[in-house]
């Protein structure tokens, strides 16, 4: 039996399944638009081959690492390199074996579906991964990874990617992007992610702002320097900015207040409340600059980062211990919307990990304010049930056209086609139910399916 | 192809669909009980014909206006009259064209299903509305609207309405209701909605209380005057009061405290915290008066009204920029329930826009306190998914008999049969699933279906 | 028609139903592991016959009492004995008649499904309960209850129970458990539930701590005494502790601070904020002790107990007026997880009544921290929709293996097989959908089904 069934993720009910398959068939081969993600631009610049299976699948993937940790494995035993030079597992085969032996932990998770897709569709492996097949599958992957076909630029073409965005530090020189543009016809664009220079409590704030301001660290110069950086990103192909913050809090402060907070922040003397105000005002500044330079503004709030200080200190950021928290939007965004909510030249894409906000806050907000669009189900919600909940919760109030299609949001390059395929199957299944229940006609559903898979991401991100 | 399929909104699965259809067939022709809504009593008093299609469908409907605004249209361009005499679109055909051209925005929304119903069932139009058909459909509607068959009293009979409640200002003389009673056998009853005299921060509070108290503005006289007004409403047929508040906060203050707050409020000197206490106590007074006069008390909390001050100042209230917020019930209602929760002669119907409260707060509260009943899925949740979520969330804890059937809650008269039809189809579908899963017998489901569609609203509102 | 259909609770769709039935068939006869419940150990020690139908089904069951109260019946009329010697109904037939006459109130609730199961499967009654059949059904139950077959030890065997945990006061001498062990081969184990000695605002705190400390009430001795009690419980077979608290708040205080708070508490002078800190620290102490003695720690937070002070004063605790409230986990548990989150020898099982936390907080926490597992859908959520929501919400992030199977959590002994049967049917139905949608293979689903029904509860509770 092949691992992947052609009807996977479609509803079981025959009438609806037929409709879903028919809708899916019309969108499955559309080019991939990937307007938000975390692949490394160096990969494309150097046209790399990925390393061994452990380095490819496990060590950098916080979804996998966290699940294995939840059953008692340590980061170090999974090959995650400690910052403090304590020992860690270096043998990729040993790491792979842990993963294979525990692959049942991922039953029912999207991670398993993505990996099964990659093994089956990309590596053409027919066997199921488990303890018994671990070694032979390792060997197949390992040898294919070394081939020319598996150099990233070839994979980019094979996957049918039309454009992919990376996420980049605000002070980045974007040299990889430059090299890519000079050498290659693939479209890899940067995204301006200024968290480290906007959140005064970010551990690199002072350093990065110093770098940004080139030793002229006044608030005015700081704003000017940000604006310059945005324009540089735009010249290098960027179409968007991205803002990760604990809450989508916005506030309007006076210039004088901001100067005072800025000076405190640069001395490392700002407290939590002040930092919140500073960042709240800077989100407004980002909106203002977006109106000027046309970069689409993305807001990704609501994550308690580095919930375990032990893991943060020993292994650093993004190691699987980021936990979502309640995230209020209606009051938090009001100052921003009061000021800029009706602007013609502004687009703000809102994300959430707090799926209790879909019906109550996000759909009503996006269903009125012209500047707002809803990003797709994100991170822990980027899953069949999560994506379905998103559609079932927001469509009735915001429709389809205040959403922006799919984001794969991944650093796992090989999973990109798997993720887009899943999203297309789930959207097809949702639409199929509406058709089967005579809430949409087939013609309407076809139009929407194509818009969700291709036109909306393109248009929403000005691509 | 006709726009409406007979099986619309029923589950696709054949077994369940058959059951749903059978249940629906037994309730589809039951009279409409409409115990909560916002149609204008003047319409019935004058037996009006509605104006042109734009004035009928678009301009007064905040569901439509908000969605069109979300894609960049302004209120003024949609014919909403500014308060400040700035220009606005007056040509109904131009407004209609915008709507028709953008009708795809409503795909997947209940608004589209309601309008399709109205076009198809009420105007007998077979064509789908879009840019191409806009003009011819406009003409059909426009000419039918002028006919005798489309005078509202004839439509009332045609729709099978048994009773309909309007919502009325506390100082209203109810002259239209008087005229209706004198002239006609349709049952149009008022509902006492005292927000403007109970919320000290309401922009008309001082004026309305002055009017209410006829210049004898003491707190004692204020309470007496409210009681009198309630009795007047009751004489005019009212069976209920309705309370829109930001939170369902209740509090018990002393007479002296209330007098102090009342005096402050009448001088325009009350602050937010004080206003909250005042209103919290007044909700308790409303409950006390309900025990005396038997009016059913409805609480509709949880809306951040006029979220955009620009729209509020330029166009006024109810223009599509009301956004739900988190709404706590367990602690907020405790003072009220401590005092009156076990009263035999009191019924309180709770609504919410915060559907995260169904399982956790509202079903457990209504599943114990004898005075409480749950109103149906409201406003943004008055949709197929929203209504289904309501049943799936509350039934297991509160059963069916602590709910009150359906409210159409609309000012769009023509949509009333469409809304009741949708609710009946969704309830039939929910019950059909329970039958198909052998959680209810067919006989039990039939009883419940009829109770939800007809008996429960009648009994819950003492009709 | 028999009351119970063999396919009850399975999805209607034929393909999925077949899969569900096949999965269910493999687990339906597995022994019952009941690691958390509230049956009375005296019953097993004395090998009792249950009293009359009213005393068995209605009076002690807060699910039933609350629903009947919601429609206007009083506790006293339902046979609940007032603490103040005011009159109450003593005729079990009258109480039974109220219940039978109102049995339609339970349509669509799990309570009705449980009771139908008990009537049909345990008492072999074929008739539906209603006003007409009330008397004859009463008589059948009443006479069967008196038979040898209905003595509890025989029922225990008949139900296929392998082990059942009671819940016990911290100062209990566990004499019933001792007698059970000495006399009988059934496995009835205690669970250490120290709320009354850990929550300084518990009405028995001072008394119980005095008893615990045997008049040596210093904080140090208090801690030692708790540790001793835990060891005693463990010797008597306990595998777990259980903690009911308003919030899962944890905090680390100094020894000196705790001594101060303890002294205040013992004088009845502790305030709410201090009590919260005290209890927050004691939860940490409980975790520390669990690492030492190996007892699994259960946390059951989020209930506003005794919401009606009238009912509490007149009838006492657990009378159906406990209402869930919002319950935050990410910040509340952080001190505990910072300190003990990566311990090898600790297992903490988290429960919630706040189902809005599943996707956002609980699944992400349990999907990372090795000490955490998620308890099943609890109390108001222990229902077909509630259990399904649990699986649909947590599986994609936490998988199956960070959950612990089913808890019946009941004091209604006869409902135990009904509840496990419901849980097995719902899990089979959930898994069947995943199989039908090709998200799991049949083989994988079978493994998971057996683990959920039998292996996970056994392993999670160290049984």
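Order of writing sets the chain letters: A, B and C. Residues in each chain are counted from 1.
By definition in this document, contacts are C-beta pairs under 8 Å (C-beta built on N, C-alpha and C of every residue); 3 or more make two chains touch, one makes a residue touch a chain.
Remember, predicted model here, so these are calculated numbers, not experimental data.
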For the homomeric pair chain A and chain C, should the interface be classed as same or different, according to whether the shared residue numbers exceed half of all numbers used?
-> different
Angle (degrees, nearest 5) of the CA superposition of chain B onto chain C | 120
Distance-wise, how many Å sit between the C-alpha centres of chain A and chain C, to the nearest whole number?
-> 40
Can you tell me which residues of chain C touch two or more of the remaining chains?
-> 11, 13, 356
Sort out for me which residues of chain C touch chain B in the complex.
-> 1, 4-5, 7-14, 66-67, 69-72, 74, 104-110, 113, 304, 307-310, 320-321, 323-326, 353-356, 380-381, 383-386
In the complex, chain B residues that touch chain C = 11, 13, 15-16, 328, 330-331, 334, 337-338, 341-342, 344, 356, 359-361, 363-370, 372, 392-393, 395-402, 433-434, 436-441, 444, 447-448
